[in-house]
Amino acid sequence: MSLVLILNLIWQISTLALVALGLAIVFGKLRIMNMAHGEFVMIGAYAPVITASLGLPGWLQLPVCILTVALVAFVLERSVIRHLYGRMFDSLLATWGIAILLREGVELIFGRGYQSVSPPIAGTVTILGADYPAYRIAVIAGIAVGFAVLAWWNRRSKVATRIKAMVGNPELAQAVGINTARLSAGAFVFGCCTAGLAGLVLAPTIRIEPMMGLDYLIRAFFALVVGGLGSLEGLAIGAGIIAGTQSLLGALASQTYGYLAVLTLSILFLWLKPDGIRPSSR
Amino acid sequence: MTTLLEIDGLTGGYRDTNVIFDLTTRIAPGKVMGVFGRNGVGKTTLARLVQGSLLPAEGMITLAGAEITFRPAYERRALGIGYMPQTAMVFDDLTVRENLSLGQTGHAPDLYFERFPRLAERLDQLAGTMSGGERKILAFVRAMIEDTQLIVLDEPSEGVQPENIDHMAACITERAASGAGVMLCEQNLSFLTGISDHYLGLDAGSVVLDKARDKATQDEIRAILTL
Amino acid sequence: MASVLLPASLLLAVLMLIPELFGDFMAYQIGLYLIYGIAAQGIGYLWGKTGVLPLGQALFFGVAAYVTAIALRDVQGLGAQLVLALLVLAVLAGAAFVLATLIFRGRSESGPYFSLVTLALAMIAEQVAGTATGLTGGFNGLSGFQSLAALDPFGGFYYVIVAATVLVSLLLLILNRLPATLIARAVADNEPRLQLLGFPTHVVKGMAFAFSAVIAALAGGLFASHQGIVTPTSTGFALSAELVILAAVGGRFHVFGPLLGAVVVGWASAELRDSFPYWELLMAVAFILVVLKAPGGLAELIERAFRQAWPAKPPVPQPPLEAPPPLAAQAAQPLKFQDVELRIGVVRILNGVSFETPATGIVSIIGPNGAGKTSALNTITGNLHPTGGSICLGDARIDMRPPYRALGSGIGRKLQVPSVFFSMSVSENLTIAMMAGRARRLDYLKPSTFRWRSAALARVLEHPSVPLKDEVTQPVGTLPQGHRQFLEFAMTAASAPPVLLLDEPCAGLSPDETALMTDLVRQYQAETGALVIVIEHDMSIVEAISDKVLVLHQGRVLAFDTYAAIRADPQVSMVYAGGTK
């Protein structure tokens, strides 16, 4: 196997892990089956398009991305999502409506056509004799550092416990002094922002268009199904298996076979091991 | 007599149906108020209206002079109201340790571990895997160690073995002795009459008896339970 | 009967008028909406009654559409085509049944996993349909075949669709009035309870899923004939989601809801698509509003308005019918635990429990909180499987069977926290309990089953102090906890199990109610000669009812003897000091 193939694999796995991170929070922790998750990736990917069309400098891409996504997520949480905690199927339907809403909204503003942006870091670096885009190396490193920081923070902070308490028993959570409205809004917005961030870093490597979200949503869902909803470790394993299967079979056979293998694998997990490789309760 | 909790003309219940009607009473600091009545008369509803899980249709609730009638439950907790619900009383997905450490705690649990050694043995077990009685005890201890001035307890003795009920009674008396007010909703009459300083008898959502311990007779109390 | 025929005839009349009033083109369009509506009706039944949400219904729709297209192209003669159609429906129903029962077996909830499986299957089907060009024509699809019986899609074929719509609606209207649908609703309401009443819930869900699959396939066949072309989009994710949306918007709890949703959404999109650029935004917002504010959809809004003008008549009480005897009538037998161990994760709950009860009588289980009392009952009913040892009832080993087989082996159980069907009325709860262990397959399709009552149940209900008789039409969710205790007891006793397990039946009861409950337990034992096992903390109750007392402590048997002997046992009083209410 060539080194470039391996680096591509790592790129696929790490970006899928970042896409799935927000869904792990929103679906795994808040129990909202967010069908609009991919649309937050999409909005994040439009951030460079926004800054370019407004003539803003490149370094504003990140703040524009986070602010836009956070604002949209916050408004949606307060108006729609907050009614849906504990109503999983309803959350699925309502967020499906939100997904349509966001797709159509973006289409009205930017049109249906493809957009593309250039990476902020140009050129390639040579690793062990193989040339690879410097931008992708930087993103992979950034995601690795980000997950390490998150794992460290998750171990120290009580937020994960408080979210678990709130979702399991909202009334008692209020009774022990947890402001559930603020906590759930915060968690939802944070989850959506990581999705937006994923869209931003993916933007220079993909075609940006309003319908792009669905594919990310589905792969993120299946990564969580395979890995389990419990831990960052499970998330990484799930992303590895899904992105790994898809890229390997995609490279060796065809995209269709890769896709079919991922779907089959997911069905087997859903049927035989629905809690994934790393289940959520310890 | 100073007043910790004042309830004035309280009417409330669920979305379409009121369960409590024009209820007025007082709880003094350091006193245990025993709330009793047959099944379905509104004990749990009253507890939830005081604690904030339900908001009233009419009336006023005041805690230590500050009005809290429409304050959300988490703010009432910050103001000093602790609560043990009747059902869904613990966080099933959390360990015993996490359950006990989630709220701001003012009292060390060690004292309670002496009375309920089971809890100390099971600190790392998920609360949801414990038996019904153990969960009641965990919920009770959780409510007792919080730094609160009013503790609302809804059926703490249900499914608890007799000697642990005695321990519960001792814990409640001690917390009251250190100045906290307690609102105890109970079916277990010997437990209730053993520790209440004051009785509040309910029928069909209204007060039918509101008397200090020494003014109420056993017959009066029995009569309300068999109305 | 009128409640079924009247709405069905009204539907027929309205649909027959459409070509006359609006012309053939409109009828052609409405025909397509109705086809989607039929598929959505299947979703409505499955989701609205059993609570299982299918996200890949286009799988059945699409497969049937492709097969129909191929049949219309290659098979000659209407008869052969119809036989083939029936064959395909049967195969799809079988496949759907197997899929759902396999996935739901061993579970007692309908979480999102099954929905995601159906979604993934639909996506696979779409992928295959797009790739297997030889069979399906790839992305261009299959076309160039004649409509069924060469009927004109803009003319005669409309009436075929109308016939299908009315037939499916009629079928659903009838089904909704049968005991089978009551059982389906009970699955959504409280699956663990239904299992303890002896119903294999995975089979119930499998049948409901197969039924909805057949309806989707029927719609798919009509679609192929109506449109004259089938492409991979007919079997994919987007259509699956669309069908769910139609059911949700129209109203999944009502037979006509999904039809209404399909026609309204279809017509509105057709009208707005060209004239109003924001129509998709508008549709999305409307859909979100329906989910949030009107979970019952348009049908429920209309019904509510209708009921304000014409309030529903209260149901006329039907004369009760003596229920048939339990199917597995057995005599009470001794229950034997042999070195039973139970470990969950690292926690050891039972550490080698051994005892043998008498064949009949009342056995109380006492012990400190956390001694393993409820867990012991869970191993008897199969809710938990022991990690060691064996449990036998008479000579039959019972520890490894699933909970829904417990009643069949003679074991009924009341749970610690009253577990009943909360969204249903008291009388519906009792009807389900009367079917438990008595109903044969055909009884689920006979309305007379609703009237089943037994003498034993009547004795509990008509007891002057039991609070339930004035509450028969009330939804159980509004009953206080104590009344639910009595209801659950009545439901468990209704099937007259020779072994009755009661987990703290007096918890949350007032002293008077407690006395009543102990009376009922004693009465049950005396009348049936059953073995009754009661978990109880209150020693005065234990003294009053027990023939023998089992003391559990830290997952072991500390003592098993008469009440007097237990009272005198110094070891017992060390760990467990008694008390009374």
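Should a chain be cited, it is by its letter among A, B and C, assigned in written order, with residues numbered from 1 in that chain.
One rule holds in what follows: a contact is a pair of C-beta atoms (placed from the backbone, for glycine too) under 8 Å apart; a residue touches a chain by one contact, two chains touch by 3 or more.
Predicted model, so just to flag it, every value in this text is computed and none were measured.
Engineer: If you average all the Cα positions, which chain's own average lands nearest?
Structural biologist: Chain nearest the centroid of all protein C-alpha atoms: C.
Engineer: On a CA-centroid basis, which chain has its centre farthest from chain A's?
Structural biologist: B
Engineer: Taking each chain's centre as the mean position of its Cα atoms, how many Å separate chain A from chain B?
Structural biologist: Taking the mean C-alpha position of each chain, the two centres sit 44 Å apart.
Engineer: Averaging only over C-alpha atoms, locate the centres of chain A and chain C and give their separation in whole Å.
Structural biologist: 35
Engineer: Counting only residues that touch at least two other chains, what does the list for chain B look like?
Structural biologist: none
Engineer: Which bits of chain B are touching chain C when the two form their complex?
Structural biologist: Residue list for chain B touching chain C: 17, 38-40, 86-87, 118, 122, 125, 129-134, 136-137, 155, 158-166, 187-191, 225-226.
Engineer: Within the complex, which stretch of chain A touches chain C?
Structural biologist: On the chain A side, the touching residues are 33, 80, 83-84, 88-90, 92-94, 96-98, 100-101, 104-105, 108, 218, 221-222, 225, 256, 259-260, 263-264, 266-267, 270-271, 274.
Engineer: Can you list the residues on chain B that touch chain A in the complex?
Structural biologist: Those in contact with chain A are residues 51-53, 72-74, 77-78, 82-83, 85, 88-94, 98, 102-104, 126, 142, 146.
Engineer: If we count contacts the way the header does, which residues on chain C are in touch with chain B in the complex?
Structural biologist: Listed in rising order, the residues are 344-345, 347, 366-375, 416-417, 478-483, 504, 507-513, 537-539, 576-581.
Engineer: What does chain A use to touch chain B in their complex?
Structural biologist: 158, 161-162, 164-165, 168-169, 171-180, 281-282
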